[in-house]
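One chain, chain A, links the two complexes that follow: it is found with chain B in the first and with chain C in the second.
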Partner chain A sequence: MYVRKRLAAIALGVVAAIAAGSAGAEAPKRGGTLTYMIPADAPPSLDGHRETTYATVHAAAPFYSVLIRVPPDNPSSTTEFVCDLCTEMPKPTDGGKTYTFKIRQGVKFHDGSPLTAQDVGDSWNRIVFPPKGTTSARVTFYAMVDKIEVPDDQTVVFKLKYPASAFLPALADPYSWIYSKKILEKDPHFYEQHVMGSGPFRFVSYEIGQSIKGERNPDYYHEGQPYLDGFVALFAPKQSVRVDAIRSDRAAMEFRGLPPSARDELAKEGGKDIVFQESDWNCGNIITPNHKKKPFDDVRVRRALALAIDQWHGAPALAKIANVRTVGGIVFPGSPLAATKDELQQMAGYWPDIEKSRAEAKRLLKEAGAEGLKFELLNRNVDQPYKFVGTWVIGEWKKIGLNVEQKVVPTGPWFSNMRGGTFDVVMEANCISVVNPLLDTGKYLPAKVFPENYGQFDDDKSIELYDKMQTETDPKKQRDDMRAYEKHTLDTMVHSIVLPYWYRIVPMRSYVQGWKISPSHYLNQDLANIWLEK
Partner chain B sequence: MYRYIVTRLLLAVPTLVGAAALVFVLLRLIPGDVCVIRLGAGGMHVDPTALAHCRQELGLNDPIIAQFLDFLGSYLTFDFGTSMWSGHPVTEEIGKRLPVSLQIALMATVIAVLIAIPLGTLSALKENSWLDHIVRMVAIAGIATPSFWLGIMSLVLVLDITYLATGKAWMPPIDFVPFWQDPLRNLSIVLLPAITVGYRYSAVTMRMTRSAMLEVMREDYIRTARAKGLLEQIVINRHALKNALLPVVTLIGIEFAFLIGGLVVTEQVFNLNGIGRLFVLAVQNQDNVLTQALTMLVVVIFVVTNLVVDLLYAWLDPRIRFS
Partner chain C sequence: MTIVARERAAVSPPVEEGAERKRSVLDVGWQFVRRQPLGTFGLVIVLIMFTTGCLADWIAPFDPEENDFSAMMQAPSWVHLLGTDQMGRDIFSRLVFGARTALIVGFTAALVGGFLGLVLGVASAYFGGWFDLVFQRVLDVLMAFPLIILALAVVAVFGTGVINVIIAITIPLFPRCGRIVRASALAVREIPYVDAARALGFSHARIVLRHMMPNVLAPFLILLSAFVGQAILAEASLSYLGLGVQEPVPAWGLMLQGGAEEYATTAPWIAVFPGLAIMLTVLGISLFGDALRDALDPKLRTR
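Presenting the complex of A and B:
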């Protein structure tokens, strides 16, 4: 299975300007309080099972344990997973359909009660099979799970319906916190408003919209960790506040990511006191034409839209002003399942010769009777990078004679228009935590299989290609299947146009050590390995 | 007097009901809902089962008329509901933010009054002098300058000055502490926003004071007072200023009420967790329950402030009687 450690050496295509000293050659120092910013007003609740926003993870992940996770010391790996509460990563049995996890002994919740396999099994059952009256936001990730059993206090067994390479990455989901079974039995909604975990930090206080504080858990099971005495997370939705706070050392860092202009400003004003870690981001914008609206029902028109965009020259230029950078296909660049540059260049929208590409686009538009086409690009009222990317794409389309108006709306109406199919062409976004291409690419399936595809099309061939890839266990054949599915989606049918992947720039004071960037702002957020060189 | 107050309070009832109905309808005209935003906040994969459950839980599937009657009924029993976004009672959400906005509004008002009334009066008394020109210039600049821009610039200035002076940039703390917990820290947080808001506020008030004073100073009774040989100070303080303050008090009242919920951008610039920021959050998240409660709060503040202003008229102008 490709997710195994044998592929761990395949590094992510990270362009990491790793901060001086953060490589961690020195022994970590204990003590100090880390103050960081959360770029949000407040999370809706503190329940990771229920919420989808990073604000919940950035606020509450330090209080919780998970079963498995991306390696905290190498979080940019797209294929390696390590135990948090388990003792050893299991080898699947029963033809790849059974995973048996042994749970650490002696782990305690912050209230002093023991954490056993009963708690792990109960939490996972609630995530995969939410009881009536509760919400689990990522049920669809676990379609392959048949049942979860707890034969004794040390063992949790996941039984799958079919062998699935997507299972382990899905299990490493950073929201899948382990809650106390005893508490949940009394009140299934307890964790929406309260914190009680077994993670590296114990809860101290929470002021909605202002701050959340934690202190070191002296009973933490990873020896020596956490290094910090505590942390203070400050909610600050406005970018200028966060930049000023880091510049003046009111806060040491933020974890989501700043645009290049803010990085340049901080680098200029902060000098050597402020450093940056950078990485490709497992988030991207996607252009989706409404296949039910003429003339976007015509594949020639959709293909022309893709052919007009000069991704190879546009991405580096755009990277100077917006937080996007790397050109990619439907799979996150750097994953073993991602297309190479040569493979990408075989598809519409990635041709190396843009003149030839645009000439073909014009020919197709003429043939389809859609020359000088006028339409609206529905976009979300978020600057970075939605509006920047939208403006760029419109400029590219203008070069083949299209007349496009950008309609920018707030999040609610944006979703509503997408779901209702009331748009011509929409700028979507796909933002995922653990790199799990087999699940992530479900986004490109027709709505009858994947309800959150807004392209309004039906395509059995697409489903067939996707299903074949899901059940394939040979990594090489699976990669070939992915290529076939990708080519069908982006080149043959042009259901979507994938734009350059986002780029994550994390600023931090130079005294912050131990933390390493990952391709997702949801990952590696428990702060256990952070220490301060002060 | 009491009858007047009771009448005014009763007249506020249709205002409140009208505002409630208007905000209820307008909020529901916006496409989308809080569940879609909440569940799509992260990765855009909105799970349909979770969405259906969320809508049922929040009563979004109920008929609109049932929702409206429920809304009115709950307000009659002083049950203002629970935030659809956070699940906390709206009274708790507002209660945590109100002191921040109230403190800024009060401090800005004090700053504005202390600057505007003396300078506006002086400007009118020294009409067309160099002092008048300077005051008018300061006032026009205050009106023309958005307070959020002034806020950003003041922060940048503080950062740059401290950096040049000490080699280390400094800015005020960004985590609010109530005055009674740590007065110094509290003041270092709220002083800059209060000054930036107070400056614009004082500019408007200064202009109003000047023009009202100019008008009053040309009245016959002022000429009569002077002809009687009264001291100029008495003429100004007792006869002119008190009468000129009538429109100024109205303006101060309206501005104060506006500041409670209207410091949207200033609160964001200074990362203050106040009512304005909560308002934006509630609207963005399509949290109808919280938006309705905040709107009603602002309406109540305006009604009460107007009442207080009307009562102040009686003190300022004895000719006004409430009978």
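Presenting the complex of A and C:
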């Protein structure tokens, strides 16, 4: 019932999104330059294979092609994938263990050289099996891949160790740009500082911290696209600057998302000239206690932290002031693998009776000798929604007698504290691109399996439950396996506390057409289908 | 005559003409009020702030850190005198407790920085030589940075939080005090009673602390009053920049960022009242400091 409601909400969001682009039925117009804002200082590098930030995707995705992707006209789909560089989505063979992709012919890189299966195979080999000295940020997504072969210039074959329904969603990762094999052989770090792809736009200029510009690629292989003559992306980390730019039409949009207050402000002042697309967001804050620090090594204390938080009343209230909305477990609430409301309410931190929940939290703290516990919550120096959510959670903990100080640090120290384990409890974020719960939930595995888990714990049972779920092919059994893994993670061991998922509100001038929102700010960012009604 | 009495007679500085008539504290106070109405106004503001900060537990009608989602962003009313913020917290209560934060940070940083500057400044003037040379060069380096820049650098090293903010503000304040106190102490050092104290074989510490320091107290007190204002402003600036105290601790500068920025047009009271509190307090301290200078400076007193 709960999942159905969430799916209905997403469907409504998508309908609203389609309605927002009300002129969608019209033929796209050619020409014009799209100016948009990127809410960041600058990307750490321009290499999609190594980065995990939207600052890289929003800046450089328009220059690159990928093998497959979510449908640009329906990017909210969690099950449908279409070809970008391939000619047809393959049917798996060899009992679901082999995927053979035929690559388009006649595709050119922006320097005029031909793009072949050799380039596709080489890029994917570097993503799945990164050579020494290079970084592939999502390498754990491809644990099921045994090898990647290129039998000829038109064919790439992925051979898996076992059939995995998570494979295609992982392959549609929007960071997996196809680079030139020739260039990478000369300099494996070339793409960190340079741009040379085969996407809908050719690189024009990049000024760090200022802007990045692209112009239409006349040789683009998707008929008629892109519609724009070019784009200018402006970097602006401060929200007020971005809102002012959109209000005054110095920029047409931003893609990440604004909080409700900014939406209301723009809607009031922009009238019909500014429209919004909204969607649930496959992104959320999680609280991770450091299991190596006393008393957080005691599951009773971790459980008390979860039991103190009133998610069901907190989420709708926070939704008015921050870009968060939906209560969920470890799986994105819109997914068929997500827990229903009833299932959630069986776990610590989701009990429907908050008084009973807090009484139990106090009892556990007393039993663990941690009454009136004082500790630090490490948080990131980002208002939306980190600091808003952090302040809320501290208020909730105060209600069971905990004395928590918030330590807010910039992104760099935030990461280094998490990686170094120098924190008591940390407010993290878990943002994913394609909704792919089987892989997305790897975040909750111990660091020896998933290095980006900062809880400092070891738990073989957790790995066993996760692995069982990966190899299960029956959807019903797989769902049951997911529930067992989720219960173990959030209720039995309380390795993490999942807070309400974020909610994406994308503002755009009404003349921007063709772009559709998705549950991820990483998806659908190549701008090929955007056109301007002016 | 005991040795102590003799000592006192030997080293007492010259008594000012006309000051022989002992005046009560009330007389002095009344004279200050009559001669310095603006300074009195400033003193009243400072006293109100001081009292508010000290009695915050009794004055504030609500817990300043308690979120109340049923009362988010309510305009000023009889229930919430100055309205509520985006988390439903009572702004009046947060301002009252924010006064305590400002007091703790402002007075501690000013007192620690001031006294450190006083002792080292007087010692630097008294000893002279290489100690003076090295100490003054250290002060040159520290004073080359504007207060807020140096405070930002210190916070970047030590991290955020009340204690670290106090340290961050104390470090740039003490050289300013040390430099000015040293200038006054250089003049005091040449007065014969210091030579007399030395001739009597008093220790350096005794001469510096007991005989020189009291004679530079007038400029020091004026400086101290200015420091309190500067420290409160610096704390508010650091908190506004997200580098001072952190949510949910009530602090005026902190109340000006985050929600206050986002809701400046729809709920202006979130930003207006903390802004007013900072402005009034700094104004009050400045007015009082100016008046104190006028009252204590003999050259200005005769005008």
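Heads up, the rule we're going with is that the second predicted complex is superposed on the first by the 509 of 534 C-alpha atoms of A that agree within 3 Å, B and C clash if a C-alpha of one lies under 4 Å from a C-alpha of the other, contacts with A are read in each partner's own complex, and residues count from 1 in each chain.
Here is the rule we go by: contacts are C-beta pairs under 8 Å (C-beta built on N, C-alpha and C of every residue); 3 or more make two chains touch, one makes a residue touch a chain.
Just so you know, these numbers come straight off a predicted model, no measurement behind them.
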Touching partner for A:Ser240 - first (chain B), second (chain C), both, neither: both
Chain C versus chain B, contacts on chain A by residue: B
Touching partner for A:Ile208 - first (chain B), second (chain C), both, neither: first
Which superposed partner A:Thr471 touches (first chain B, second chain C, both, neither): neither
Which of chain B and chain C A:Gln346 touches, first, second, both or neither: neither
Partner chain in contact with A:Gly390 - chain B first, chain C second, else both or neither: second
Chain B versus chain C as contact partner of A:Pro259, first or second or both or neither: second
Which superposed partner A:Asn403 touches (first chain B, second chain C, both, neither): neither
Chain B/chain C common contact set on chain A: 240
Contacting residues of chain C [partner chain A, same complex]: 65-67, 69, 72, 86-87, 159-161, 242, 246-249, 258-259, 261-263, 265-266
Partner chain A, residues of chain B touching it in the complex: 30-33, 36-50, 53-54, 57, 85-88, 93, 96-97, 152, 155-156, 159, 162-163, 168-171, 173-176, 268-271, 273, 277-278, 281, 284-286
Interface residues, chain A side, partner chain B - complex: 41-42, 44-45, 51-55, 130, 133-140, 192-193, 207-211, 232, 234-238, 240-241, 244-245, 247-251, 269, 410-417, 419-420, 428-433, 443, 451-452, 522
Chain C partner contacts - residues on chain A that touch it in the complex: 239-240, 259, 261-262, 264-265, 313-314, 317, 320-321, 381, 383, 387-388, 390-392, 394-395, 398, 405-409
